[in-house]
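Right, one structure below, let's go through it.
Think of it as A, B and C in the order they're written, each chain with its own count starting at 1.
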Amino acid sequence: MSASDILNVTLMQGFAGLSLFSVLLLMGLGLAVIFGQMGVINMAHGEFMTIGAYTIYMFSQIADNYWHGFAPAYFPLAICAAFVLAFAAGWLAEWALIRHLYRRPLDTLLATWGLSLGMQQVFRSVFGPKEVSPTLPDWLMGSWSPKPGLDIPINGLFVMSLAVLMTGGVLLALYRSRWGLRVRATVANRQMANAAGIDTRKTDRLTFAIGCGMAGVAGAAFTAIGSTGPTSGSLYIVDSFLVVTFGGAASLLGTVASAFGIAQMQSISEFFMTGSSARVVTLLTIVAVLMLRPQGLFASKVRRA
Amino acid sequence: MSHDDQNEPGMPSALRRKLLMGLAAAPALAVSGIARAQQYPTAKVNTTHLAVTDTEVTVGQLHSATGTMAISETGSIQAERLAIGEINAAGGILGRQIKIIQEDGASDWPTFAEKSKKLLENDHVAAVFGCWTSASRKAVLPIFERDNGLLYYPTFYEGLEQSKNVFYTGQEATQQILWGLNWANQTRKAKSFFLIGSDYIWPRTSNKIARKHIEQHLTGCKVVGEEYYPLGTTNFNSLINKIKIARPDCIYAIIVGGSNVAFYKQLKAAGITADKQFLLTISVTEDEVLGIGGENVAGFYSAMKYFESLDNANNKKFVAAFKAKYGPKAVIGDVTQAAYLGPWLWKAAVEKAGSFDVDKVVAASPGIELKTAPEGYVKIHPNHHLWSRTRIGQAQADGQFKVVAESPDLIEPNPFPKGYQ
Amino acid sequence: MDPLNSSAAASAGSAGSGPVPARAGLQPALKRWLTSEGYGSIIVLAVLILVVFPVALDGFRLNLMGKYLTYAFVAVGLVMAWGYGGVLSLGQGVFFGLGGYCMAMFLKLEASDPISTKIQSTPGIPDFMDWNQLTALPFWWKPFHSLPFALAAVLVVPCALAFVVGFAMFKRRVGGVYFAIITQAVALILSVLIIGQQGYTGGVNGITDLRTLLGWDIRGDGAKLILYFVNAVLLLVAILCCRHIQRSKLGTLLLAMRDKEDRVRFSGYDVAMFKVFAFCVAAVLAAIGGAMFTLQVGFMSPSFVGIVPSIEMVIYAAVGGRMSLVGAVYGAVLVNLGKTWFSESFPNLWLFLMAALFIGVVMAFPNGLAGLYDSHVKPWLARRGARSAS
């Protein structure tokens, strides 16, 4: 193997690590916003992602069957639609279910688990039990070759840019917008926030819905790299939780750091040993670190209520 | 887009119409049926207290209608019902109509065990058509052996098993693998192989057989990599990089489930397409291509005993009947066809034995041939597997496979291959 | 009325009294023991599972009931840990699986003697090891040839794991939601490990085809009946032990710790060790349930170890009433009965029902069936009793 080959491989492997990092980050971001800012565990997170995936499928069916000219352009539109649909579903879920359970975080766990079961069955009844495959636009499913021998998958680049956009957007919103101000106030001291005139209930609902919308966008992005079926959510939920827990649930920076750490550990070990061993090594490391530092990497110093 | 009709294994509206028409014709058939039943009195054909009456015989269907495996098992449920419907329309077995008790394994092996006990001990069914994964079969096997039940198992699997109470209508590993590797070596001049699989018994056992065959029986060939990934993995970038470094002539892929979709999509995204790389798999059928997307797997090859595009009279009839019942968008994979064979093979054995008793049916089965099989021709081997041909299909962008090669002879099933273990 | 001891107390006490005997001193004491001590509900349960079920159910359904009662062990453990200790573990499947696997390893070694396995390349080792080309029994399997060791392992291994995890978490004051997620991570890791190491554990198929226990065939109808009774008796003994703990000072401390942890800490008690204790009790109970499951059903699989089954086990305790030991048993039995019946008749409807159950239990009746009993049935009975007395 020549030196340029080794360089190519190193670059591609590095890209693989970054690509996994952005996938984990997209998965965990919505969950971190909800859990970190509201203390609510959303076990139905994977199903909100699946809403996004099915949205892409529906749009691709429309493009295929009714409106061929639409085909190359439908994807960005479909992603926005995924956000809107997941946002709406999250809004509804919060209003019907979550708002009654804020003082009982363990119970939200059970209730959202039930929600996830129900949503899975809805998907199965509406779309059928088999997997479906949205026809993705050609510009997305190729690779970019800056030099021969170096192939960078475009869908990886796409997911990465989406992750950067979303993280940037969330940080900007949290620290520069009025919504962010309300959220931070509610998290710091709910009673004072109420006394100061902030409608904490409305803020909670908006935050939950935004977190779900982000999950929808992640699910939409993942149609480029994974499968779409009623039980697809369960493939992603576990990793999302590990990312958020490992990072320290109350911190967005923690989510970013933990996604990066887990991704690098996983892809570097995968290169040197088989996939299963790499997964075991990564999981054991995560558990070991959690045993030593259970609050996660970046725990926020908030007084326990 | 009537999703309900083609995806729900229950009673689509097209079927309802046909059933009403069939009911109108029933009296004529019933008369002939009764005559046949009198020829085979219940006391003689059922000496082991199975659920057999003068007009009906009850069988069980044990598949996953819910859960992750429902994606794959729905086709089997549909095929078995089609076969049973056709048998009933032609007068039934020994003059009796077949009644189905359907149980849902829910993709959970302990549930499979529980339901199989119910079917055998509570309902006393004469035969069970069911299971898909090896785990579900292993969970129910002790129950079938203890209660002396009869199971028709449709999935291609790793072999290493031979039970008196099970008939394996899908291929076992050596049937699928050996001839396919020979074809890859001879026609595609493949000398280096990269073996990939999901991490559990079927891919591992299959790859072991493949490795032995490549290293010991194909001249000048070698294995340049062997990798396994846990079930449910969705990230294959590192694996794809390793493949790029190893530059094999042939990627031999045995990836299963949701990971299949991720693998092929990421393969395409990394620039590994069929025009540049030869790939042979034994785990992709028309059902999987539905989820992967034809354009992501186009040009790659799959080794199966059945493809929906097989060009013979039996298959054309079968495909037409299947699509008439389940909708024009229904696809038929290898396992679906193998499931379709189950009721027919059982009928042939029962008629040859002249009885529903499991011991007599089992004794009568070896040597039974089915010339109306959609795959052409099968014969039951004394080891309860089927003699069958293996074909190589090239995936097309529309989700179908174009058959490019077929084994000239029937391949003998060998679940305990000496020298490969 | 003591709120700690909910469930069928009043009816058992007052209905069983009949005409007033001359021994005036004994009868009120008996009544008090049955009602306020809460043992009445246990007696009703005992009658139900030891007498009514074996008589009313046929062999197949009774074996199913035995299976449900093994899940009840897990639910009872959760009542102790969650209801009393405030420690919600979403990874009880881990301990259920560990207990089950220890028992399965012993039974599998017994079923893999050289004579019955002579068809294998290496006779004398379990079949899945042979398929994976192992040529010798791994060293850590060897001790499982002995039943006392296997029984000890069923109790000790899960307890040790619970101790390690609990100690690490509780000493650092990690509790509540965070702890729950970490137990999920542990469940995930163990299930990945078991499935991945298929040469040593049987992988995703699990350990199947278990036949005899010290020569006694556990698959026969008679054996299943005996195992059912063993299971039922063990369950009742476990409930009595837990009730004893509840009524002791330890139980009061656990309750106090659940409600106001800091005050208990400031009073000088080591809160972490108490939580570890509650967690270990739940772990050992779940492990016993797992071992009994393996004996009654005849195999053990990693499908019990993961996240999904662990959360389902929590719902059994939640439906029954997280504060009620007896309620936990009813909860486990009812949810599983529902699962079996619905998945037979309406497989597609079943998931919606499960979803409704999860949501309903949390929103509408957070204290489960026991809570419903306390808030609706008991006052009605008391009113009826008062009316008949006056």
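Heads up, the rule we're going with is that contacts are C-beta pairs under 8 Å (C-beta built on N, C-alpha and C of every residue); 3 or more make two chains touch, one makes a residue touch a chain.
Keep in mind that what you see is a predicted model, and the values were worked out from it rather than measured.
If the chains shown are joined wherever they touch, the resulting network links each chain directly to all the rest. Between A-B and B-C, more C-beta contact pairs join the chains of A-B.
Note on chain placement: the centre of chain A and the centre of chain B lie 36 Å apart, centres being C-alpha means. Centroids built from CA atoms put chain C at 38 Å from chain B. Along chain A, residues 121, 124, 234, 276, 279 each make contact with two or more other chains.
Across the assembly, chain B contributes 65-66, 199, 230 as residues in contact with two or more other chains. Of all residues in chain C, those touching 2 or more other chains are 192, 196, 348, 351, listed in ascending order. Taken together, the chain A residues at the contact with chain C in this complex read 39, 41, 43, 97, 100-101, 104-111, 113-118, 120-121, 124-125, 234, 238, 241-242, 245, 249, 276-277, 279-280, 283-284, 286-287, 290-292, 294-295. Contacts from chain A toward chain B in the complex involve residues 1, 5, 9, 12-13, 15-16, 19-20, 23, 61, 121, 124, 126-136, 141-143, 145, 151, 153-156, 222, 224-229, 231-232, 234-236, 266-267, 270-271, 274-276, 278-279. Within the complex, the chain C residues that touch chain A are 88, 90, 165, 168-169, 172, 174, 176-182, 184-186, 188-189, 192-193, 196, 307-308, 311, 314-315, 318, 348, 351-352, 354-359, 361-363, 366. Listing the residues of chain C that touch chain B in their complex gives 59-60, 63-64, 67, 121, 128, 131-133, 192, 195-196, 198, 203-206, 208-211, 219, 297-299, 301, 303-304, 340, 343-344, 347-348, 350-351. Those residues of chain B whose C-beta lies close enough to touch chain C in the complex are 65-66, 103-104, 106, 108-111, 113-114, 117-118, 121-122, 134-135, 138-139, 141-142, 146, 158, 160, 199-201, 204-205, 208, 230-231, 421.
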